[in-house]
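Structures incoming, each one as structure tokens.
Look for subunit A in each of the two complexes below; its partner is subunit B in the first and subunit C in the second.
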Partner chain A sequence: MKKTQILIVGAGPAGLCAAIEAARAGAKAFIIDENSKPGGQLFKQIHKFFGSYEHRAGVRGYAIGTDLLRETEELGVEVILNAPVYGLFRHDGGMMVSYMKDGREKAILAEKIILATGAAENALAFPGGTLPGVMGAGCAQTMINVNRVLPGGKIIMIGSGNVGLIVAYQLLQAGAEVSALIEAAPFIGGYGVHASKIRRAGTPIFVSHTIERALGKTRVDAVEIVRLDESFQPVPGARRVIEADTVCLAVGLSPLTELAWMAGCDFTWIPQLGGHIPIHNENMETTIPGLYAAGDITGSEEASTAMEEGRLAGIAAAEALGLTAERAKDIKLEVWARMNALRTGPFGQKRFEAKAQLLESAKGAAR
Partner chain B sequence: MRVVKHPILPDDAAPDCIIYHDGQPVPAKSGEPIAAALLAAGVRVFRETAKKRNPRGIYCGIGRCTDCVMVVDGEPNVRTCVTPVRQGMEVRTQKGLGEWKNS
Partner chain C sequence: MNGIRFTGIASAEELLACPGITSEERFNKGPVAVIECVQEIPCNPCEHACSSGAIIVGQPITRLPVLDGVKCIGCGECLAACPGLAIFLVHKNYTDTTSLVEFPYEYLPLPEEGTAVPCGGRDGAFIADGKVVKIKKTKHSDGTALILVEVPKEFFMDIRTICRKGVSDDRQS
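After this line comes the complex of A and B, so read on.
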């Protein structure tokens, strides 16, 4: 059986950064990912990142992804691809992860494990919601930016958070027509700078509106939307039908926590972070000693915070192995300072508070 | 439809192989998921449900929802959003749960 010091599940921004910090500290690190390519969702993010210089602001997501891959390679981190992890067990004083590779069951033993499994898009139920043409906004984003294929010609985007706004704009850049963006709340959820770009391009944003149904026999032909009152109830007579062949859903993300549940981690419920979140401390360590979590699994945020959480988990896991004790403290302080800077402002403040609540619950959790 | 003339991304490689969708040739790019090649060719219905024969197409794009499964080279329930194309691949619309070749 393969053995390693630190095993990271998920080769997205959090997992890659965790591996980089762990390897820099001198630990033997493995990354395992179910996809055929590493990088997670970074390679479909063609927009420039926000933040400041140290958050790689102004750099496009795929360029950051390329840099992270080069760094992991230079540090000699082994990445196992096409390998879905399906089990996580305590074994022989350490932990064992079981996974599928080339149709065979395999296992790897690790002293420390970092879960960086990410999140999946939420669904939205409405009549016609299973028709071909209804898909996740992230699915459409992969199609246009990675595979360079348009999912449709006339698109309705549901949800005005940053995913909805950014993907709507990127669909326009890819040559699609985005007929409308629909938001149930009475205000736009994401950054004004993204919303303005869409409005300038001529796409109307309907706040206080929801999708009533998708119309069509074998595929989406049109969408019926309806205005909502202050208590989110449909206003009679305030319906309209918009021609469309594609409906993209950008209605939030839910952390992919299966392995954390399987391992027996204690969870807490924080709706702002996407639901059930494995409780972790300031080292990103869960309530299972030696099991860490980083990135969207600990609450959906952005790639910038995922990368910082990954670094934190990577250095903390290395420190727990007895490596770089004096350096670890400084690095962790630096990461926390950068991460807190990302969690400021009208949007970041809510995430800051939700994260503070999560850290607080770690203090009460049984170890 | 393929994305052409993108304002940020460089020009993409042209299709370099052929797959067959219900017997019809479809151009594809090596390494891309089957679903991408089919969407580019305008295919929307990937399968029909077992009970009501309702159409389904690509939905999550990350291999979790299984709405995009098709019969690929005789094997049913292949997730086309995460399975790369191969020259000459036979992709068929899946009816219901599909049938295994040797069952």
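After this line comes the complex of A and C, so read on.
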């Protein structure tokens, strides 16, 4: 059976950064990903990232992805693609991961495992929601930015978080008309500057509005939206029909935690982070010794924080193997300082508090 | 309700209180950056794009960028560096009757230099016709074009884009 020191599940921003830090520290690192290409969602991100200039803000997401891949290659990190991981077991004092590759079951033994599995888009149930033309915003983003196919000509975006705002902008860039962006809350969830971009392009944003139904026989022809009152109830008579052929849903993300459940990690429920989250400590280590988590699996945030969490998990796992003990402390302090800075301000404060609550629950968790 | 959180557009009050926008006096002196950044988000590439030290974000990184109108030389490097596309360059007294407004633009096709284009405000609605004076790429562009339009002077603080609908209508005709 194949053996490695550190195994990382997921080759997105968190997984790649974890592998880079682990390999830099001298560990043998190995990444498994179910997709045909590494990079996670990074290669769909054609916009310039926010954050600190010193850490690649102002650089487009796909360019950051390209750099991370080059770095993993230079460090000799092995990446297995097209390989869905389906099992995580304790084995011989270490851990074993089972995965499928080329239609065959395979397994690999690891001393430390880092789960960087990401998150999945939430769905929204409404009449007409199964008509062709209704899709996740991430799906539309994959179509335009990876496959270069326009999902439709007239699009309604549901949800005003940064995903909804950014994908609406990218659909406009790809040549579609975004007829409206609607948001059930009474205010826009994402950054105002992203909202301003689509407003300048002529797309209206309706807050306190939700989708009532998608209309159409064989595919979406129109969408009926309705205004909501303060208690999120439809206002009678405040309905309107907007012509549309595509409905994109950007209504939040849920952490992909199956492997953490399977391993027996203790969980906590933090709605601000997307639901059930595996409890972890300052080293990103879960309640199962040697099993780490990083990125959206520990609560959906941005790629910038996912990369920092990955670095933290990578260096901590290497340190636990007895490598780089001196440098590790400094690197971890630097990473925490950067992450805390990213989690300040009116948009970051709630995530900071939610993450603090998560770390606090680690102290109470049985080891 | 009014304000960027509700409409996606910075309100007159928010712009008035914005530390990235300089004085009336400075606008009269020549080209200057207009940083329409009114929400505290973790972002600072503008600070590093400015070689004159005219933009300060500082610590924490969520502070609003502060523009020093005296130091700003109106080079426009910050425009393409801003991931939020929230920085503009305004030359109020370009001629006696017109101003020059420069903005980042990430759509294709680009208009042609010298042609008349419909120009719009922060909500994309048509305000006035303008003339494309120049289209440039700078070292921070990475694909983001900067479009300079000459517009009637009374709209120098209102016009912030070209109307995309206008552009595609022109293309179709």
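As a working rule, the second predicted complex is superposed on the first by the 367 of 367 C-alpha atoms of A that agree within 3 Å, B and C clash if a C-alpha of one lies under 4 Å from a C-alpha of the other, contacts with A are read in each partner's own complex, and residues count from 1 in each chain.
Basically, a residue touches a chain if its C-beta (ideal position, glycine included) is under 8 Å from a C-beta of that chain, and two chains touch if they have at least 3 such contacts.
Note that the structure is predicted; figures quoted are calculated from it, not measured.
Shared-chain residue A:Gly87: touches no atom of subunit B or subunit C. Once the two complexes are laid over each other on the shared chain, residue contacts for A:Gly348 go to subunit C alone; subunit B is not touched.
Comparing subunit C and subunit B on the residues of subunit A they touch gives the larger count to C.
In the superposition on chain A, A:Pro127 makes contact with neither subunit B nor subunit C. Looking at the shared chain after the overlay, A:Gly26 reaches neither subunit B nor subunit C. Applying the stated contact rule after C-alpha superposition, one finds that A:Pro289 touches neither subunit B nor subunit C. Judged by the touch definition given at the top, the superposed model places A:Gly136 against subunit B, while subunit C stays out of reach.
By the touch criterion defined above, A:Gly264 reaches neither subunit B nor subunit C.
Where the contact sets of subunit A with subunit B and with subunit C meet, they give residues 60, 173.
For subunit B in complex with subunit A, the touching residues are 1-9, 12, 29, 32-33, 36-37, 39-40, 44-46, 54-64, 67, 81-82, 84.
Every residue of subunit C that touches subunit A in the complex is listed here, in rising order: 1, 4-10, 36-45, 47-49, 59-62, 81-86, 106-107, 120, 122-125, 140, 142-144, 160-161, 163-165.
Interface of subunit A with subunit B (complex): residues 34-36, 46, 60, 120-121, 130-136, 138-140, 142-145, 147-151, 153, 173-175, 218-219.
Within the complex, the subunit A residues that touch subunit C are 47-53, 57-60, 63, 172-173, 186-188, 191-203, 205, 207, 304, 341-348.
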